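In what comes next, chain A is part of two complexes: it sits with chain B in the first one and with chain C in the second one.
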Partner chain A sequence: MWEVKVERALTADERWDLVDKITKEVVKVGAYKPGLRDALASLTVNPWTGIPFAIAVLYGFWTFFGEFAGLFTDGFFVRIFGTHWIPWLSGALEGLPDWLFTILVGDRAVFAEDFVGDPCFAAGGVLTTGLFMPFAVVLWAVIALFLVLAILEDTGYLPRLAVLVDTVLHKIGLHGFAIVPTLVSLGCNVPGVTATRLLETRKQRFMMIALLGVFVPCGAQIGMMEELIPGLIGWVFLTLAIGYLGFGWVLNKIWPGESPEILMDVPPYRAPQWSNILRKTWSRTRHFLMVAVPFVLLGCAIVMVLYATGAMDTIASGLEGFLAAVFGVPADATASLVVGFLRKDLAIGLLPIDAMTNYQVFISVILLTIYFPCLATFAMLLRELNWKEILATLGFLIVTIFVFGGILHLIGLAGGWY
Partner chain B sequence: MDNNVTKFGSMFAAIMGIAALGFGIMEFVGEEWGPLTAEGGTFTAWRAIILLCAGVIYLSSVTNFIDVRQIVKAVAASIMIWIVAAMDIWAMIAASIPSGAEEAGEPWFASGADFLAAYGPPYMPAMYLLVPSLVIIYFITRRRIAS
Partner chain C sequence: MSKVLLMGQSNVGKSVLFNRLAGARATVSNYPGTTVDFDKGRMRIEGQDVEIVDIPGSFSLEPKDRAEEVAVKMLEETKGATVVCVIDSSKVERGLYLALEIIEKRHSVIIALNMADVAKDANINVDAERLEEILGVPVVPMVATRGEGLKELVSRIREAVPVEIEGIIKNVGGKSGTSSHS
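And then the complex of A and B:
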């Protein structure tokens, strides 16, 4: 028998040593003949074969997402809103006072005959762009993401992906299961923050929440990127991944606390049950509709009030020089960046892409992603973190914007890409 | 599995490995050759990397194909090809449904002819690997019977 004197808490290494001792004494290993499924399970966690396999799975993930969202958004909803709903609404509400028309429908200039652009994004009103974004763009992106995520979970692949990335994530003080909140956040940051409860220590939870809030764009933003800048989306993700790992490494060094090893339960591969997949997808999508959509509408209303009162012009012109000097974004994009404090996805839609160089669009989208988290996510931070951690998250956010945005600006200047 | 099946398995893995490597290189080059196209897109480089990796994994399974740890490599490489080909098919389906018209009064859905045309060639390289890669199901079945 083993005698453990409990005079102090064991360190993580001591606990593992104890586990090894116990295992050696009580577990008898007999002859084992692996089946094909067992062999596939081992192969997908071996880095040499597992990483290429993971690349294929993630390729499937993103392609399915892009095509699914594109089918509904470009195939039907752009026309429903752009050709039918918005023109009809602007005609029906034409007699409203200017301020109310601006809030509900949008800028009257968008409905002039000589307007060049897409009224779905440019109008900005609560009943036009405010409805177009969540129901025509974001909803389909979110459904696709949650559907694929549920399939990966139920087949048993997600825990294997966690094992595969465990070594990398340990370097930044997290462990493999951090991939779960990260992937969930690609749909919506709100359940992503909740999913950080999987992590063991307060340090890991704080780090994960801070990294999610800054470096992981949600389905709404990704949907907008896919719609507006499909050619740049790969660069945006690569840059955000570098930021996620780099700033995670720094946070791990400076934030006190433990990052222990964990034993991961990896289930066998199974054929998924479609009823479960659909139930999970619906439950998460419903959560998105209930939590995120009201914030989209509220964000649109606040933005249009700022435009209607002229406050937006004042704020934008005040920040113009500063943003141009620090981040290299043109004056035309300043208003969009201000909108980003309220709605990141709406802000991406409002970027004057035609008037910007590719690098300016790239840096603006990165800035919008690493900005202040959306209001719904911020509400979750208040629930999940203590005040010290919230202040630290905000500090981390501000430092990240300036350091990361500044570095990207310098790289752009050095490369002559402006 | 008997010796002949093992030999056939090794040949299958070698041919598929070389074909996947070749198609992976074509994806990197990114041109159109008759009924085969590897022209650009958001994920061209990803597709090329996946096909090249699938090719290498197939080739690594050539020796001792009777061993489950070797067959499973060919299974994994085949799944990788199925994912890429399935996404190519899914892209065709998604493109075949809406008419693409933006004006009021025009049809919402593609006509029968346009719908069918969306499924015509040229096809992406992974589509040509899809059918031969299905041969792996034969080896999985033989193995199951043998054990």
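And then the complex of A and C:
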């Protein structure tokens, strides 16, 4: 005997052969009676029934989102902040020096007798607007979205949606499964970027991350849009979807690499466990609070400092000609663009909506969405991409802003909507 | 501290099991590929602290995507670890393929036959005792979402041992591959 103990690896065929023999002895498959679950499973994947079903599901969730967020925001927090907290605070801190009052509470003009408008947004101070936006508006929107996404994830519906949209996404070099990071990003782009790991090739991951960072607004932004421009939000989404598919198609053509088919496992439908859904919603909400709130407060402080020192006027007059020429956006939107680097939800809140036409608001919101990704998302890009891909993403971003913003500007001019 | 790795294909319930064992809060969803990075937690087995690692789902040990790379690298880096192979009882074939690969690498393995309820609903009957005889490693049927079988799994983790693949081949009466390069 000269047997040597070595790690002996079977070939794949030998291993499958062995698996076969084992399962023959161990597994007995009885007659199977298809039930409701199976009926539902085929109904939601077959395009003829599946697409209407998908529209119904997404519409239902969207309605829930709007109602839920509206209930807390408009029904409760707008009143608390607007009629109690902000007026009280401005009275209590009236004696502070001008600069400090401006940073903490906001522009004194907002508290004058003849002011028309919503002080919640207009004040701009750290303790007024800075608290109002994350806690009164955005928090309820992200909770609603996280809840909805958790239900979609846990029932097993997401992979079926992926099967449905596979044909469309394949045209831009992505797999149907790209719908998962896309939908997850509607809650928050950070886990969306992580979810791209389930895509197979580097090319697909790079494309997905670039498209997410540029075209997919997060829950915080959506919450602000829903609150401030409910009439335009449909157009914003439609435009972003066109950009996502159009620029995805171009990226697929110019970026080298392969986009192979991926075999996807579609799990059976399962009744979600409420404890798991609540736990997931909570852990994501907590992450939002920890990441977003400090940046919103910081953003408010920066903007108010820029206003108080007069620096904002200098920046605005410098950018005025450029903004007007390329995008048709007034210089008043400058403050919003400045904080767009920090938080896009805050940036949307700072848009001088009353002073702009509908089309200007529309184009500004689009610009802010495709603008630089928020810092937390950017940190994720640094982690997940190599330097070449990061540079390409930034290049893509800049090109997109000018090309897409420029096209929308031209469309607006042609349509006479400015 | 000894280590326990949770491995298996995607969407077989590794993260649910992980949360149960470690009292942790890893994200759990019903789609393949929820866990894309590993999570670590701790549990006590017979009075000893053990590190438990939730690993992204992997079809085989030849990685196809980033999440699978994480899984394979993790397994290679922790040679002495016990591996809990989580298998979906309604898809035993696929789970066994990965389990055999891990066994061939001479890791100590214990099999968690998870989702016993799903298999039962689908009228699939898996003979856990016979499987244990064939493989020579502990096999525990369980329903991780409801905590069924959890205690048995924990109490038998210590029984996990490396086994010879040749032995398994003999146990099913086959000679598959034994003739090659000997």
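Criterion: the second predicted complex is superposed on the first by the 373 of 418 C-alpha atoms of A that agree within 3 Å, B and C clash if a C-alpha of one lies under 4 Å from a C-alpha of the other, contacts with A are read in each partner's own complex, and residues count from 1 in each chain.
Definition applied: a contact is a pair of C-beta atoms (placed from the backbone, for glycine too) under 8 Å apart; a residue touches a chain by one contact, two chains touch by 3 or more.
Only a predicted model underlies this, so the values are computations on that prediction, with no experimental measurement involved.
Once the two complexes are overlaid on the shared chain, A:K203 sits clear of chain B and of chain C alike. Shared-chain residue A:H175: touches no atom of chain B or chain C. Touched residues of chain A were counted for both chain B and chain C, and C has more of them.
In the superposed pair of complexes, A:H84 makes contact with chain B only, with no contact to chain C.
Of the two partner chains placed by the overlay, only chain C lies in contact with A:N276; chain B stays clear of it. By the document's definition of touching, of the two partners only chain C reaches A:P268; chain B does not. Contacts of A:R15 after superposition on the shared chain: chain C is touched, whereas chain B is not.
Within the superposed three-chain model, A:P34 lies in touch with chain B and out of touch with chain C [touch as defined at top]. Touch criterion met: A:D154 reaches chain C, while chain B stays clear of it. Here chain A touches chain B in the complex through residues 34-36, 39-40, 42-44, 49, 52-53, 55-57, 59-60, 62-64, 66-68, 70-71, 74-76, 78-79, 82-84, 230-231, 233-234, going by the rule given at the top. Taken together, the chain C residues at the contact with chain A in this complex read 9-11, 25, 27-34, 36-37, 56, 64-67, 92-93, 96-97, 100-101, 104-106, 118, 122-127, 130-131, 134-135, 145, 165-166, 168-169, 172-174, 176-177. Interface of chain B with chain A (complex): residues 42-43, 46-47, 49-50, 53-54, 56-57, 68-69, 71-73, 75-76, 79-80, 83-84, 86-87, 90-91, 94, 97-98, 100-104, 108, 140, 143-144, 147. For chain A in complex with chain C, the touching residues are 7-11, 14-23, 25-33, 150, 153-156, 158-159, 177, 180, 194-195, 197-200, 205, 264-265, 267-270, 272-273, 276, 279-280, 283.
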